[in-house]
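Next up: the structures, one after another.
Next come two complexes built around chain A: one with chain B, the other with chain C.
For the complex of A and B:
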C-alpha cells in the first residue's frame, strides 16, 4: 500500500510538472511578455517594477525564466496581482479557493449522497410512479440549461419569495461593524465543518465496524450532541449572526448546484444498480436466504458504488473550474470568477496562479480517488 | 417401512412470459429424492435443467410463474409460502452450487465472510463459533484455512469451486443442488472435485441433485438419473438401468453422442436437428420431429409412461427388452 501510494504520488508530481510547463509556455506564446504589461501600467512605482522584473526574470533567456518560474511556483511565490495590486496572488487565491471549495464540495457531496440513496431505492423497486417520477425529474435536471436554471432559482426563491439573498458572499450592511474579517469567520466555519464531519464519520465507522448494539441510537445521539456543542461554541463567540449571513448566501448556490448534479448521480446509480443486480453473486446472496435489505445494500449497492465514485471524482475536478457559470450567476467571489476577471484584465500572474491551483486540486482529487478505489475494490493490485 | 422422501416434486409446471408468449421451460415434472440419494438431471442445453433448480429455491425472475404443482420438502409444500417464510428454507434446507460458480462469490468481500454471512442468516451463533465452523468446512473440502481471509480473486478456479461447496454445506442442508458444478474446470480438477463431493455427500448422508449435460459426469455421481427433454423428464430410473437398458429413444441418442459412457460404439446415428422452441413445442411427443422411431400417434398424442420396475419412460415405442 505504501509503495503504491509513493508511486502514485510521484506520477502525479510528474503530471503536475508537465502541467506547469504547459501553462508557462502557453502564457509565453502570447505576443509580448510580462514586462510590457508593467511598462504600460503607470500605477506601479519604478522600484516595485524593478523588483518584480527581478522576481520574474523577464530579461533572462526563456529557459532561465522557466527555471525561475518553476522555482517560484514550488516555493508558493506567484508574484503580485496586477488588477488587485498590491495584493499577492497567493493572498488572493488563499481567499478565493476556500470559498469555491466549500460551495462545490458541499453541493457535490450532498448531490451524490442523495442521488445514491434514491437511485438505490428506485432500482430496487422497479415500476410504479416513484421510478417514473424520479427518472423524469432526474433527466430534466441532468439536461437543464444551467444558467437558465440558476436564474429561475434566484427568481423563485430570492426575488419572488424573498426568502434568500439574491447573490454575493455576504451582506455588507451586516458586516459594517463586524469585529473580525469575513475571511476569519469563514475559516472558523470551515474548521467547524471539518470537525463536525470527522466526528460523525468516526462514530459511524466505530458503530458499524464493532457491531455495537443500538448503533442507530448512538449515531443519532452523537450527531445531536456534536451539533449542540458546535452551536454553543458559535453562540458564545458572538459572531454567529455573521456566520449565519454567509450561510444564508450559500443556500441558494449550493441548492442549485446540488439539484443540477443530483440528477446525473441518481441516474448513474440506478443504472449501475440494475446492472449489478444481474450478477450471479446477487442470486447467490438471495439463495443464501439473506434478508432483502442485506442483499440490496451489502451485495448490490456496495458493488454498484464503484462507477459512482469515479463520477464523483470527476465532478470534484469540475468543482474548481467548472463552476464559472454558477459563480457568475450568483456573483460568488470564488476561483471561477477570479479566472474570468484575471483573463479579462490581463492579470497574468493571477491567471497563472489560478491555473496552477486548479491543476493541483484536480490531481490531488485523482490521488484521493486512487486511494479510495484501493479501499473499495480489493481486486486492484498495488 | 419407507421413509418420507426429502424432496417430492409433483407435476411442477413453470413458464416464463416473454413478449412472444409463454416459454414452457418446466412442464409437468414429477420426481422424488430419498435421504442420502443423488439424482442426476441430464439433457441438452435449454432443456430446462437450471429452470427446475431455480424453481426449487423459488429464485425465479419476475417474468416466471409457477402454474401448477407441488414442491414438498419433508412433506411441506413450499410453493405457496410467503417470501419471508421461504427465506428460512433457502440454504438452511436446500442450498445450491450455481452453474456460474466462478461468479457466485462477491469480489469485494473475503470468502470466509461470505460463508459466515450465510451462517448468520440462519443460526444464532457467536462470531467465534461461525469462524470455527468455516474452518471445519474448509477442512472438509481440503482447502487451506489461511484462505478464509482471502478475497475471491486470490483463489484459483478449483479453490473457488471448493469454497463454493463449503458454502453450500455451511448450514447442513437436507438437499444440495449442484448445477453444472465443474464445467468451468479442467478435466483433472473436475474429476477430483466430483469424487470429493460424492464422498462428502455419502459421509454426511445428504441428498443431492446433480445437473449436467455430460452423461459421463452424471453416470459417475448419481444413484438415480432423470433425462430431460424440452422441459419434461422423459425417462427416470436407477443409473445402471438407464445407462444399460435405456427405454426412451432420446436417451439412446444421448448415449451414442457420448460413447465413453459404455465404452463400445453404438449403431444408432447421433442426434440430428435442433431442440424444439419452448414457445411452441411440437404436439404429442416433443421429441417426434427428431425421433428415428416416431410413428403417427407420436405427433398428436402425449406418450404414456412405460414402467419397468422403478424405471420408467414416456414413449409410444419403448426400446430394449
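For the complex of A and C:
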C-alpha cells in the first residue's frame, strides 16, 4: 500500500510537471510578450525599452525562462495579477481556493450519496414507470445546459420566491460593521464542518462495526449533540449571523451543483447494479432465502459501488467544469470565476495561476479516489 | 470479417458479399435499436433540428426578407419596440437588437451540427488510431500513449478552453480540434484500446501477420474496421460534449462566432433580460431548450446504441 502510494504520488508529480510545461509553452507560443504592453508606448526612449525587456527577462533564451518559471511555480510565486494589481496571484488564489473547495466537495459528496441511494432502488425495479421517469429525469439533469438550469434555479428560488439571495458570496450591508474579515469567518466554518463530519463519521463507524445495541438511537443522539455543541460555540463567538449570511448564499449553488452531478451518479449506479445483478452469487443469495432488501444492499450494491468509484475518477474533470460554470452564473468568487474573469480581461498571470491550481486540485482528487478504491476493493493489493 | 483478399472465384464478388453482410447486420441492429424507446426519441429530436437547419437557407431565399431576417445583421423594421413579443411575422419574437429569434435559432442549428460532426470525426479518428496502435504494439508505445491519456482525462475541458480562448481566438474549427484532441487521446482512446486488445488476439490477425501484412496494413485493414461500431457509439457522446462546450463558451462570451445558441443567451444576459423569464421567455427558452434537447438527444441515441453494441446491457 505504501509503495503504491509513493509510486502514484511520483506519477502525479510527473504529470503535474508535464502539465506546467504545456501551460508555459502554450503561453510562450503566442506572438509578442508581456513587455510589449509597456514598451509599445511611443514616448519611451529605446534604452528604456531595452531596460524594460531586461527587467522582464524576455530577452533570455527560452530554456532559461522555462527554468525560472518552474522554480517560481514550485515556490508558489505566480507573479502579480494585472486586473487586481497590486495583489499577487498567490494571494488571490489563497483567498478563493477554499470557497471552491467547499462548494465542490459538499456538492460532490451529497450528489454521490443521493445518486447511489436512489440508483440502487431504481435498478431493482427495472421496467416500471419509476425506472422510466427517473432515467429520463437524470438524463435531463446530466445533459441540461448548466447555465440555463442554474438561472432557472435562481429565478425560481431567489427571484420569484425570494427565499434565498440571488448570487454572490455575502451581503455587503450585513458585513459593513463586521469585526472580522469574511475569510476568517469562512475558515472557521470550514473547520466546523470538518470537525462535525469527522465526529459523525466516527460514531457511525463505531456503531456499525461493533454492532452496538440501539445503534440508531446513539447515531441520532450524537448528531443532535454535536450540532448543539457547534451551534453553541458559534452563538458564543458573536459572528453567527455573518456565518449564516454565507450559508444562505451557499445553499443555492451547492444545491444546483448537487442536482447536476446527481444525474450522472444515478445513471452510473443503475448501470453498475444491472451488471452486478447477473452474477451467480446474487442468485445464490436469493436461493438462500435472504430478504430482497438484504440482497440488494449487502450483495449487489456493495459490489456495484466499485465501477461507480472508477467512473467517478473519470467524471471528476466534468464535475470541476460544472463547478466553474455554476460559479460564474452565481457570481460565486471562487477559482472558476477567477479563471473566467482573468481570461476575459486577459490577465495572464492570474489565468495561468488559476489554471495550474485547478490542475493540481484535479490531480490530488484523483489520488484520493485511487486510495479510496484500494480501500473499497479488498481484492486489490499493492 | 476475415475475408482474405484472394481473387473472387465465387459467383458473387467480394464487395457484394460484404454489402450483404453489412445490410444484414444493419437490419439486426436497427430492430434492436428500435426496441429501445429512448433511442427513437433521440433520433426524432435530431431529425427535427436537422429539418430546422435545412429549412433556414430555403426560407431566407424565398419568404424571408434578408434585411429583416438575417440572423446577425437583420433588423425587424416592422416592430415598434425591441425585443418584440412573438407575432405572425416573428413566431419567436425578436431579440434586444431587433433580430428574429427563430431565424437565429435555425441558422445556429446548422453550425451546431457541423461543429458536432467535425469534433466527433476528429475524436474518433484520433481515438481509433491511438487505441489500435497501442493495442497492436504494446510495450513502450502503449505506456506512453496511456500515460498521455491519463493526463488528457484529468484535464477539465472547459477550463482548458477558457484559458486557450484568452490566448488564441477560438472559433468553431479550433474548438472541434481541441475537443477532438482532448477526448481522442483521452477517454475515447482508452475505451477503444480496451476493445482493440480483444481484437488483436483473434486468429485472423495472426493469419494476416503470417501472410506478411505489415503493421500499417494490419492496423487499418483488420483492427480498425472491427472498432468502428464502438467508435460510432463514442461519436454520439462526443457530439453531446462538443455542443455543450460550444454553448458554455459562447454563453460566457469567449468564442469568436457570428451566431450560436449560447451567444443568443449571452446577448440576453448583456442586455439585462436574464431574470425576466416570465415576461421575456422567448429570449431565454428557445435557445436554452435547443441546447438541452440536442445534447440529450445525441446522448440518448448513444445510450441505446450502447445497448445494441454492448451485449451485457441487453434485456434478456
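We take it that the second predicted complex is superposed on the first by the 334 of 382 C-alpha atoms of A that agree within 3 Å, B and C clash if a C-alpha of one lies under 4 Å from a C-alpha of the other, contacts with A are read in each partner's own complex, and residues count from 1 in each chain.
Keep this in mind: contacts are C-beta pairs under 8 Å (C-beta built on N, C-alpha and C of every residue); 3 or more make two chains touch, one makes a residue touch a chain.
Everything numeric here is computed off the predicted structure, so don't read it as measured data.
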{"item": "Fit or clash - chain C, chain B, common chain A", "value": "fit"}
{"item": "First (chain B), second (chain C), both or neither touched by A:288", "value": "first"}
{"item": "Contacts of A:248 with chain B and chain C, given as first, second, both or neither", "value": "neither"}
{"item": "Partner chain(s) touched by A:299 [first = chain B, second = chain C, both, neither]", "value": "first"}
{"item": "Partner chain in contact with A:279 - chain B first, chain C second, else both or neither", "value": "first"}
{"item": "Chain B versus chain C as contact partner of A:376, first or second or both or neither", "value": "first"}
{"item": "Dominant contact partner of chain A by residue count, chain C or chain B", "value": "C"}
{"item": "Vertex chain A; arms to chain B and chain C (CA centroids, nearest 10 degrees)", "value": "70"}
{"item": "Superposition-derived minimum Cα distance between chain C and chain B (Å)", "value": "9"}
{"item": "Common interface residues of chain A - those touching chain B in one complex and chain C in the other", "value": "none"}
{"item": "Touch list for chain A against partner chain C, complex", "value": "15, 18-19, 23, 26-27, 30, 135-136, 139-140, 142-148, 151-152, 154-155, 159, 166, 271, 274-275, 278, 314, 316-318, 320-321, 324-325, 328, 336, 339-340, 342-344, 346, 348, 351-352, 355, 358-359, 362-363, 366"}
{"item": "Residues of chain C defined as touching chain A within the complex", "value": "38, 147, 150-151, 153-160, 162-168, 187, 240, 244, 247-248, 251-254, 265, 274-275, 277, 284, 288, 291-292, 295-296, 299-300, 303, 312-313"}
{"item": "Chain A residues within the chain B interface of the complex", "value": "279-281, 283-292, 294, 298-299, 302-303, 376-379"}
{"item": "In the complex with chain A, residue positions of chain B that touch it", "value": "57, 59, 83, 87-92, 95-96, 98, 100, 103-109, 117-118, 121-122, 151, 153, 167"}
